[in-house]
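Heads up, there are several structures right after this.
In the two assemblies presented below, subunit A is common to both, partnered first by subunit B and then by subunit C.
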Partner chain A sequence: MRQALRLLGYGWALHFKILSRSAFDGFLGVLWPLFFATIAFFMFRTGGNSSALLYTSLGASVMGVWSSTSVAASSALQRERWAGMLELLAAAPVHFSLILMPITLAMSTVGIYSMTATLLWGRLLFGIQLHVQHLLLFALAIPVAILSIGMLGFLLSVTVVRYRTAWALGNALEYPVWLVCGFLVPLSLFPGWVRPISWALAPTWGIRAIREAALGGSPLPDLLVCAAIGLGYAAAGMLLVDTVLRSARSRATLSLT
Partner chain B sequence: MAVVEAVDLRRTYKTSTGLFRRRSLEVEAVRGVSFEIAEGELFGLLGPNGAGKTTTIKMLITLLIPTSGEARVLGYDVVKDAREVRKRIGYVFGGDRGLYERLPGIDNLRYFAELYGVPPREQRARIDELLELVGLKGREKEKVEGYSKGMRQRLHIARGLLHDPPVLFLDEPTIGVDPVGARELRGTIASLAQAGKTVLLTTHYMFEADALCDRIAVIAKGEIVAEGTPRDLKALVTEGTVVEIETFDAPGDAADRLRRLPGVMSVAVEDREQAQVLVVQSEATGTTTQQLLVALGDVQVGRVSAREPTLEDAYVSLVTRK
Partner chain C sequence: MSYGLRVFFVGGLMSYRALFNWLSPWILIPSFLVAPLFQILLFTYVGRAAGLESDRFYVIGNAIQYAAIPCLFAMGNTIGGERWQQTLPLILGTPAPRIPLFLGRALPVVGNGFVVAAVALVVGSAILGVRVPLGAVAPIALATAVSALSCTGLGLVNAALGLRVREVAVLSNVIFGVLLVFCGVNVAVGDLPGWMQPISNALPLTHGIEAARRLADGVAFGGVTGLLGTELAIGAAYMALGYGLLRFFETMSRRHATLERA
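On to the complex of A and B.
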């Protein structure tokens, strides 16, 4: 257990260091969430409703977390394959989830910047004041949402191990999840059949908990559901990873050729 | 007991072509390979590109599941006891890939020390010792992207040795490395064998296998075509003759015409500037130079020379046999 925690911590630090060493990725990482947030702010400002702007500001901040986790984690794993690292990592005598999880967690950590930058951007350029009603629960909701989104990224990354082209799945899911999880518009605007999909996704509950904590309401149930679904993703990923890895060894998909 | 044991290993790759009418293709990369490696032995798997060396090694290090057959390392089955095998082996492959380029060499080593469960208290001393062994002491804090090929290869070797494994798999470790660097690497590999490690080395350089290996298996088209000590392999061709025929604009079937002659063991074609040199290896009592020239017919021929077979001829003969 101690070795597993140590490996998770070391892996997270290593992958965070790799991310921080790329000037190009860093530049995009800084600007990207601000572009998205700006578009969202302009769209909702026309309504002249200040609470809608705060609603959007919080949603846009979690959009960045999701984008950095889903897209970046899938492509990061594909980069491991291109660099010939995936085979070396798969050949290590530890459970493969201890190798995959830190990669997605490092990406989610980048999402913390994205969240802070979006809120500050809204405050400085659009005058959106953030008045938090339940400060403690708000502070708790942020790491729970980020970790749960990280675990969803982990579950996605398991498929990248098996299928060489699955990294595109991360890209493909980026915008639909923005919509389906209600980051920008309320879920009530969508057809009924979308709801079950939304409920199965931790970001839906994460953003609800954050909004309830900030705007007033009862965030605790949403927070607990978000944490439970996040744990469910982690458990599913850990159970799947051995099967997926065996399949990748059988079909020779760990390497590029 | 054999430390590494492969019994009738086979591996087939499945691919598909076509967009609408998908067609499945099966490529047999390894076709019934069997061998044993004793404790402390340096065993060479020698063969040309695409012969099945890397596929064989990947099955032994648990990265690929064999289509059929069995393999054991230190008594552990490579499919059923994959984790036990992984704990006890080191894997080093050749080339530029397999390192975190943006990080310093020492960070690469520390991460793999964690992955292989090297106790935290021992990590620093172990990494220092290995940096010294591979000659990277003092360069470990530089980013890998600034390393030369030779330095990268030495870092690979240090990585593979972090957990002090008793068995090492080295897949073409000197590929792409300059002659001086390659010689240094061969020195490091020899010292590992002297330290009692069991080593499986794959290479397509005959001289490298000859200089390092206790025993060699020659693999061609997925099958082992010869096995023995370097001396045994040389003995296979010492009694033959080699004729080199320089040709110009030789048709594609010229080599085949020679191969069909009685007594011809192998024909290799080497491009040398404007000419194609046909290197014909024959049994001592086999075909004469005159018969070879007659078989070539109208082909424009330049210089013709005969010589004693070398070790490289032995290898070429084995992998290009009729």
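On to the complex of A and C.
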């Protein structure tokens, strides 16, 4: 257990450093959600709904976490394959999940830059004040939401391993998750059949916990559901990793793109 | 067919097919067909929550704006991609006239942008129950084509910058975001802050989207010819700028021997 945690920690730190190296990518990672946040701020302000600005600002801040995860995580294995690292990583004497999980966790953690930037953007340009009602729970909700999004990325990376251009799928998943998780729009506006999909997605509960903690409410149940679903993703991903690796080894297709 | 025309049509199509690898259905379907629909849905629902405009406003704005994805990325790939394939020195070493060489690559991109926007318009309208007058369909299609043409001009500028900037895809994303914010896609240009409006009016798509919206509102085609003319003029200006930048970077790259340096 201790060795696993150590590996997760080292892996996360290493990949976080790697992902932080490209200033150009980092710039886009921060800027991209700001475009959408800006439009949403303009829309709510123009619509005379200023009270929704903080609600929107909090949601928009988490959008960047998902953006930094969705495309990158879906092509995580492909990138290792292109770098010639996949065989070495698969041959390492640890469970492959412990190698892949820190990568997707680092991807979601990089989203903290855009999260901070979005909140600052809203404060400086649109005068959106962030008053947090439950500071401790707010501070807890952010890492839990980021971890659960990282776990969703982990599950996604394993699920789409056979898809050669998985980055395109990850790209296409960016808007749907923003939409159905209620980052900008309350879930009550959607048709009834959308809600079960929202409930199965950890970011839905993550953003609810963050909002409840900031705006006042009871964030703890949302926080626990978010963490539980995140753990569910991790468990499902670990089971899938075994199947995928066994198949790739038996068919000798590990390095094939 | 004359030499110049062959370079324009055949060379342009070959280059597009060879270098724009997004034509694979595995990329094309999620990127060109699925993503624009969700962009439409996202902003339509935000619009409903904000109580701002009708669903039609967002369907038209976002569908036409999504033409920017092929217009920016395909142009970036079809010219900047030559460098990555290490064929740029060969291309620029040929005596082919530069206008058909570069502009021929833009023609398939215009078609691609139009198809993406048209599919998003039709499917987005069907999903959200948006209706437009039957007589406005052909003029809206024309406005969409003009917008795609105009945006391809900006795509040519993007492609030219691709000879200097290493990450063309990142640059394309940034330009896409700027168009999304500034072109009146989800917030009418008149509702944007004053300093943003002159920028909006100088960008492609702004006038094309406005023309399409007016047509959908029942305005006759004659009432939007000015907007479409402005859209075309802006596109032509960007096209000229893009061509000029390509020639400039070509000359500078020859002078400093940096053609293949990213």
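Here, the second predicted complex is superposed on the first by the 242 of 257 C-alpha atoms of A that agree within 3 Å, B and C clash if a C-alpha of one lies under 4 Å from a C-alpha of the other, contacts with A are read in each partner's own complex, and residues count from 1 in each chain.
The criterion applied here is as follows: a contact is a pair of C-beta atoms (placed from the backbone, for glycine too) under 8 Å apart; a residue touches a chain by one contact, two chains touch by 3 or more.
Being a predicted model, the structure only gives us computed values, none of them experimental.
Because the two structures share subunit A, they can be overlaid on it, and in that overlay subunit B and subunit C fit beside each other without clashing.
Of the two partner chains placed by superposition, A:G192 touches none, neither subunit B nor subunit C.
Taking subunit A as the reference chain, the count of touched residues is higher for C when subunit B and subunit C are set side by side.
In the superposition on chain A, contact of A:Y10 is made with subunit B only, not with subunit C.
Legend: residue contacts after superposition of the two complexes on their common chain; A:F44 is shown touching subunit C, with no touch to subunit B.
Judged by the touch definition given at the top, the superposed model places A:L88 against subunit B, while subunit C stays out of reach. Put simply, if you stand at the Cα centre of subunit A and look at the Cα centres of subunit B and subunit C, the angle between them is 80 degrees to the nearest 10. Judged by the touch definition given at the top, the superposed model places A:I99 against subunit B, while subunit C stays out of reach. When the two structures are aligned on the shared chain, A:A168 is found in touch with subunit C, with no touch to subunit B. Once both structures are overlaid on their shared chain A, subunit B and subunit C have a minimum Cα-Cα separation of 9 Å. In the complex of the two chains, the subunit A residues touching subunit B come out as 3, 6-7, 10-11, 14, 17-18, 21-22, 83-85, 87-94, 99, 246, 249-252, 254. Across the interface of their complex, subunit A is touched by residues 22, 24, 26-27, 30-31, 34-35, 38-39, 41-43, 45-52, 166-167, 170, 173-174, 177-178, 180-181, 185-187, 191-192 of subunit C.
Within the complex formed with subunit A, the subunit B residues making contact are 13-14, 58, 61-65, 83-84, 86-87, 91, 93, 95, 97-103, 107, 110-112, 114-117, 120. Interface residues of subunit A facing subunit C in the complex, by the touch rule stated above, are 24-25, 27-28, 31-32, 34-36, 38-40, 42-44, 46-49, 52, 163-165, 168-169, 171-172, 174-176, 178-179, 184-186, 189-190.
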